[in-house]
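Shared between the two complexes below is subunit A, which pairs with subunit B and subunit C, respectively.
This part shows the complex of A and B:
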């Protein structure tokens, strides 16, 4: 009997095509939106993690409170010992220091006079040490636009925009003017070896990178750093784990009288990410919910109209001795089949679209050129395993739900009435 | 000993609420049919023919009185019991042919058997036998829209007959047919009545139908006016 009914729907295109189209579109949009949001969110997380926040970050309390000002006078000291103990206590993480500092870059002409100068933000990382993993993490090889990466002390790379602004090319000299941790004036000359593009408008504006040791020397921060970043060795941010580690670490220093005691923050607890990501999650949840609701309503309606057109058929089937329960049951099975087909089509289309957006992406660098938060300049979707069911299940159920509502009409009507309608 | 009637309607009334008032479609009907009869309810439009057939066919319940079909009290049947009674024992033929358009002739007839737990082979045999009765074995694989009106109604007869029911209820089966096809249909049904002993109850106001009936029950305004043997 079921086979029989399914054969019927497959033959009657008009009965199946509208609901299948509605479900396909609904499921497709759901999958697309989810994949897209998923992609954007995880890009935001990844980019923040690698460029700024780490998976967890340790700073001194006062540094953390004023971190926008890059207050290196409040830096963490004795970091080698700290890293040793961290490695012991949290073997899942790898630790790497970074110093951010402000200053002015000065490009001299042949006679040593200033040709061009402009303010910039320095980022000192363990670029010369293999095991720090910073090269891969920041994908500096990939983001290299001109020249090469620093290979030895005294070399520097600039963000491509910044280099253009300063009109400097690889091989040329550039001088940094700034102040040490203690506040005394310092200037230091570097050889510019190349330019990079971070893919984050904020970072691309005016950033230069030197090795952490050069920075420590120059800024009088021997064995010190502004920020100590921890990354999970598997490179995946796990909020749960990060929270536990941070809590555990911070508990040790809770009672500390040292006003420069270290404090650890998780990725999401920096840059207001937790709020915005949670909000994004909530929005996509609400979005999907509303979509399912709307889809159910549309399907309920098509179900009703389809149901009315089929009163004739139901009447015949009742007369042939089928029970109302059976008619209803088969109606639901039909709905499942249609829901299944629509969901498969919709999910496939949605995945194709997400795959396209994953490979190609939407370039928003123009729109976010003045962004003050770290966010990707190309929005991408990600094809994740979630996408296989996030639209599929609602697609199937909204069809079932809509049909069930419409099909109640079979019960409400008297048998003979169901029949009367087919006499006209 | 006198044989129990296959259909026994006792003092049945049926009313419908219309615009707040009760409208009596059937008024205290008494009617008995014995197995193998070929009878018809004749009356003008609105006289209650369909209503009476629906009650006998367990598609509807009387407001008052009792209807027994195959010794089953229609009023007391649950919905599922009524469905089962129709499934095994009652065949319906309607004025409009009511074939399911997406299915072939074969499948339309087979549909009636799907609710019974027969094997595919048994079903196939039964369907071909029924199509043979109405002379449509050649059209088994056609869709209903490729059939003439007469052929469609013959499929409907095959569908009603395929499960070898005790009773066939035919509500104005010739109303949409030309005279030649109407005669064809009636001959077919009369033949099945004689060969298989199936009880037929028609509703009609078609003169041609009356010519074939053994017994004519005249209905007017929900009342039986006259119940007579037909002198053929």
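This part shows the complex of A and C:
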């Protein structure tokens, strides 16, 4: 029967071209938008996790309350013991300390006087320890624009924009001027070994990276850190799992009278991500719903027009004794086949566009140059496995829904009046 | 018409004259404050007590200043700060670090940064302008502060580029020394408060030996600045106000 229906669709192009075209376009847009939204949300999550939030993050309570000010005087101390205990209690996670600090980077001239200077934000990570996985996590090798990554203590890398602003090249000396955890004045000279591009306008503006040990020594933070980040070993963020871990950890310190007791936050509970991502999810759901509805209305209309055009055909079939249910059933099967063809074409086109957006992306760096949140400078789509079937849901459903609405007319036909109507 | 003008003048004149007399009195008061607080040269050995969140730090330094343009400070204690030097010449400030053997110049908004985690900014440390030269003063109230009779005075800047647009001072009527000072931004926001205590007579002038600076935008109990030793109008070698002093 399917073969018969397909042959009918192929032979009578007037009843299939418009619905297939409508479904193809609709499915293509659905696949493209789903891939694009998925890509953007994933990038926002990944970039936040890698650069700032971790999958979970531990800070002291007062540090967390003032974290925008990078208050290292409120930092976590005794982190080696804390990490040992975390490894024991939460074996699914890898823990890595990070220190963020502000200060002035000063480039000297030949006589050691200030040539150029500018404020910057320092990020201290375990760059010299291979076990920490920080190099891979931050993809610093891929982000390297000039020179090389630090290999030993006393070396520093700068964001490419910052290095350009300070007119400094790899191999030159640069001095950090700032204050220690307790506020003492600190000067430290480093050799600049290279520049990186993080792909986040906020970070690319004025960030420099040094090894965590150098930062601990320089800022008088021995065995201390501003933030302790935890990453799931499979590198995938699981919100439910993270929430359970955070709840369990925080329960242990709920009654603590220590002003500097640690507190754990999940990725989504930082930087307002839960609200943003939940809103994004809701919007994509609403978008798909509205899209199915709009396509259904279009296809209903197409079905009605088709139904009118096939008024005689249905009449003859009913007059010949075919049951109304069978006519309706065949109509729905026919719609399913049309929906399937449209969905296959639409999905294929959508995947092609998604792949293009995945590889090339949309550069928004100029629009988010002054952004205060961590977000990618190039918006990309992701070709994921669900894109291969997601378009079939609206494609088939809207065609079936539209045809079902239009096909209701079949049941209104009165057999007694058929011959008169058909003027046989 | 003439009657109206005469009537208007007869009503307004006493007020205008009183206001003028009051302004003159205010100017005289801040000139007296300047006489107490400023001198041709000053050599001060001081301790700055910075109350951190977890511990307090004491930083000892010796400063040499000449007029309102030149200041040289050498940090003496603790070990971490020892040998760090700051030199201010006119509007420029250099800091020398012995550990890196680098001299860094600070300017612009960087001067608003805190000095060693204290409630004082580099700008605060640098500003040595006489009040009578840069502010217009008026007495707004008379009251008792810490059992001393005081004038409450409002000083509004008459020149551009000052760290604080407005100051409100509680001035001791007997010693012509401020006992308290509130410092405001141009927007009217209170930025800092300073309290002055342990006022001693040194070389015929009254001088506060202890100050507490409190940045109202910061938590904590502020920064104490205790003067251990002060000498006025002593001779300071010229070389102290040259960049060469930094690396010596």
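Note that in this section the second predicted complex is superposed on the first by the 411 of 424 C-alpha atoms of A that agree within 3 Å, B and C clash if a C-alpha of one lies under 4 Å from a C-alpha of the other, contacts with A are read in each partner's own complex, and residues count from 1 in each chain.
Everything below uses one rule, namely that contacts are C-beta pairs under 8 Å (C-beta built on N, C-alpha and C of every residue); 3 or more make two chains touch, one makes a residue touch a chain.
The structure displayed is predicted, hence computed values, not measured ones.
A.B. asks: State whether subunit B and subunit C clash or fit side by side on subunit A once the two structures are superposed.
C.D. replies: Superposition result for subunit B and subunit C: fit.
A.B. asks: Which partner does A:153 reach: the first (subunit B), the second (subunit C), both, or neither?
C.D. replies: neither
A.B. asks: Give one of first, second, both or neither to describe whether A:73 is in contact with subunit B, with subunit C, with both, or with none.
C.D. replies: After superposition on chain A, A:73 lies in contact with subunit C alone.
A.B. asks: Using only C-alpha centres after the superposition, what angle do subunit B and subunit C make about subunit A, to the nearest 10 degrees?
C.D. replies: 150
A.B. asks: So in the superposed three-chain picture, is A:183 touching just subunit B, just subunit C, both, or none of them (first/second/both/neither)?
C.D. replies: second
A.B. asks: For A:322, decide between first (touching subunit B), second (touching subunit C), both and neither.
C.D. replies: first
A.B. asks: Mind working out whether A:167 is in touch with subunit B, subunit C, both or neither, as first, second, both or neither?
C.D. replies: A:167 contacts neither subunit B nor subunit C.
A.B. asks: Would you check which partner chain A:141 touches, where first means subunit B only, second means subunit C only, and both and neither mean what they say?
C.D. replies: A:141 contacts neither subunit B nor subunit C.
A.B. asks: Just checking: does A:313 make contact with subunit B only, subunit C only, both, or neither of them? Give me first, second, both or neither.
C.D. replies: So A:313 only meets subunit B here.
A.B. asks: Superposed on chain A, how close does subunit B come to subunit C by Cα atoms? Whole Å, please.
C.D. replies: 82
A.B. asks: Both subunit B and subunit C contact which residues of subunit A?
C.D. replies: Shared contact residues on subunit A (touching subunit B in one complex, subunit C in the other): none at all.
A.B. asks: For a test of understanding, state which residues of subunit A touch subunit C in their complex under the given definition.
C.D. replies: Touch list, subunit A to subunit C: 62, 71, 73-74, 104, 106, 108, 112-114, 117, 119, 175, 177, 179-180, 182-185, 187-189, 260.
A.B. asks: Can you tell me which positions in subunit C touch subunit A when the two form their complex?
C.D. replies: 50, 52-55, 57, 78, 80-81, 84, 95, 97, 99-106, 110, 114-118
A.B. asks: Hey, which residues of subunit B end up touching subunit A in the complex?
C.D. replies: Against subunit A, the touching part of subunit B is residues 50-51, 54, 57, 59-60, 79-80, 82-88, 90, 92, 94-96, 98, 100-103, 107, 110-112, 114-115, 159.
A.B. asks: Residues of subunit A touching subunit B in their complex?
C.D. replies: 1, 4, 7-8, 11-12, 312-313, 315-326, 414-416, 419, 422-423
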